[in-house]
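What follows are several structures.
Each of the two complexes below includes subunit A, the first together with subunit B, the second together with subunit C.
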Partner chain A sequence: MKIGGLILVVILGSVLIYGSLEFPPWGDPASPASSHVSPYYIEKSVEDTSVPNLVTAVLADYRGYDTMFETIVIFTAGIACIFLLRIFRKEETETRLYRHIPTGITLRIEKSGKFPEKSAAFERIDSVWVPHDLIVKTTCRLIVPFIQIFALYVIAHGHHSPGGGFQGGVILGAAMILYAVAFNLRSATRRMGERLTVLLCTLGVFIYAGTGVLCMLLGLNYLDYSALAGVLGVDPVTARSHGILIVEIGVGIAVMAVMVTLYYNLASAGKHDEGL
Partner chain B sequence: MIWQIELLILIIVIILAVGALAVKDLLSAAILFGAYSFMMCLLWAIMGAVDVAFTEASVGAGISTVLFVAAVFRTSRRTED
Partner chain C sequence: MEVLLDVLISRVNYWVYIVLMMIGLYGIIAKKNLVKKIIGMNILQTAVILFFISIGAKKNATIPIIEHGHDAAHTAVTATHYINPLPHVLMLTAIVVAVATLGVALTLVIKVHQQYHTLEENEILERIREA
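Moving on, here comes the complex of A and B:
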């Protein structure tokens, strides 16, 4: 069976490589990909949208529908993850561990044991071995604000440099995940609960789709940001640039919330109780 | 671009891809896949697709490795087949 699979893979791979020989050479100006709409984008995008980064102009303005549905794909992935993994039934865990903060003594509470949850002298710890990790926690506390600022820079500066909503949102989500890894899942869900993340997922998609609807209500096509010129008080070309920024913010919020939701559900197997 | 570096990165990409498929330990497979993503990111940057390289670095090498490790942590460490 393994030999048969290998032969099949080798044959299919050589057919694919043979097919790729028909491709136009790399960077060929006469190839179909760079002879129809690409010259228009290269020559006119600054004139049309006043955005120096061509990729951002194409992604969020000329091909706005594609990016909107990409955002919806990510949103759907987050919702599907909740449907598949999340366990809403409140079942009691086997044993819980509590650490007495002043002395460092660990208490082990069996399945039906009673323990006051809101005691200030005790903190709940994960059931796998948890050492005292002052250096890790302090480093994360210091580094997370810088990661978040960089993420906001990536979102806001997508017009001029590589970056944009997707990358910035992922970095923003990574900052929250770093916090959850360094501390624990419970302190992360206290900062950013499940309701808030799902609300932010929908809010991001709503900002994107709502901008399109607003353009339609103002009398132009869906996602034609030059309709926003009157609302923003700028000329139509600058309005397209600002419209791109608005939808990038929407994409960033949605991607950040979906990444955090995916991590919460995967790391705790849907229980939102004990994580990585 | 210097073609020797390009060729070296391409060879490393292939080695990492085969390694990520062949290795039995799922945690090592996740880490190898993260390294593969990072090398792909370098390739995108060499070819001038800086936006794609940025996405690959943040999504492929960053978040998806973390999500793989989280999934391995909640399931079994070794693969059956």
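Moving on, here comes the complex of A and C:
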């Protein structure tokens, strides 16, 4: 198996290297990839959409369908993860232990006993409990808001600098995952529950697809944002720029929610009670 | 010699990606552990992403963000001054999709581990035959 794989890989690699001799040299401005549709994007993008960041303009406007279905692929991945892993059956333990954090008094709750789970002054003591780590928790508490602000900046500023929905969404998701790693999964799901993440997932895709449908209802093609000019009260070129921002926000929400969903399910193998 | 050096310098980026891609492919073929197979798949994906990005490069060109000022009228933009944005767009989405597919792959690995209590391919096959 190993020898056979090695021989196969070496043969395929040499075929590919032989084929690469026919490729255009590195950085050739006249290479086939740079000579058909790409000059149009570079030269007309500001005229058509008034977006200086060409990557954003091509991503959300010229190739809007592509990006929409990529978003749907991400959405499907998140849903598939839930379907495969999530275990809804909860095994109730005999007794639960809660510790009052300021005083250190531990309460024992019997099986049918009621206790306010969401109280911040108490923490549950069980097999997944980890001792307090003051430095890590404080650092994360301080840094998470700044990460989130930066993510919003990346989403909102995607028109004029590198950025956009995908990058900003991943940073937002990373902030939430950092919180979940530093504290534990239970406190993370208390901040951002499973219901909310799935809802946001769907909302992101809905914003994207809904913008397309709105354009159609206003009499132009699907995802032709210049149809929104009347609704937004601007000229058609600016409307395309604003339309790009709307779908980027949708993409950002969907990507963030999927990252968080994937982390919740993978870290706890679908049980949502313990994290890393 | 001169010609050979020219070919080497102008193609070396593709060769690096081909080597990287073959490392990934070898990992997928030869490794028995499912997680190692997934790592191989990710190396292969990275090679493809780097390949696309390097296609977009142009000599003496800058990043694909048009220089603009608030007062300046639209100046003529020439395509040779900016690198090709198209591969960047395709790979931007591909990176995020790669993360999402990695999540699904890890989900399946967790499921396999719950079922067979191992991630070694030969042991899994043995247990399937036993059952």
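Rule of thumb we're sticking to: the second predicted complex is superposed on the first by the 242 of 276 C-alpha atoms of A that agree within 3 Å, B and C clash if a C-alpha of one lies under 4 Å from a C-alpha of the other, contacts with A are read in each partner's own complex, and residues count from 1 in each chain.
Methods note: contacts are C-beta pairs under 8 Å (C-beta built on N, C-alpha and C of every residue); 3 or more make two chains touch, one makes a residue touch a chain.
In this text the structure is predicted, and so the values were computed from the model without any measurement.
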Exercise. Just subunit B (first), just subunit C (second), both, or neither: which does A:55 touch?
Worked result: both
Exercise. Which holds for A:177: it touches subunit B only (first), subunit C only (second), both, or neither?
Worked result: first
For this session: Go through the superposed model and pick first if A:269 touches only subunit B, second if only subunit C, both, or neither.
Result: both
For this session: Check whether A:34 is in contact with subunit B, with subunit C, with both or with neither, and answer first, second, both or neither.
Result: second
For this session: In the overlay, work out which of subunit B or subunit C sits against more residues of subunit A.
Result: C
Exercise. Of the two partner chains, subunit B (first) and subunit C (second), which one does A:135 touch, if any: first, second, both, or neither?
Worked result: neither
Exercise. Between subunit B (first) and subunit C (second), which does A:166 come into contact with in this model arrangement: first, second, both, or neither?
Worked result: both
Exercise. Which partner does A:259 reach: the first (subunit B), the second (subunit C), both, or neither?
Worked result: both
Problem set entry | Footprint overlap on subunit A, where subunit B in one structure and subunit C in the other make contact | 53, 55, 162, 164, 166-167, 170, 259, 262, 266, 269
Problem set entry | Interface residues, subunit A side, partner subunit C - complex | 1-2, 4-6, 8-10, 12-13, 16-17, 20-21, 23, 25-29, 31, 33-34, 37-39, 41-43, 45-47, 52-55, 57-59, 63, 66-67, 70, 73-74, 77-78, 80-81, 84-85, 160-162, 164, 166-167, 169-170, 255, 258-259, 262, 265-266, 269-270
Problem set entry | subunit C - residues contacting subunit A, complex | 7, 10-15, 18-19, 21-22, 25-26, 29-30, 54-59, 61, 63-68, 74, 77-80, 82, 84-90, 92-93, 95-97, 99-101, 103-104, 106-108, 110-111, 114
Exercise. What does subunit B use to touch subunit A in their complex?
Worked result: 50-51, 53-55, 58-59, 62-63, 66-67, 69-71, 73-74
For this session: Name, in rising order, each residue of subunit A that touches subunit B in their complex.
Result: 53, 55-56, 162-164, 166-167, 170-171, 173-174, 177, 181, 259, 262-263, 266-269, 275-276
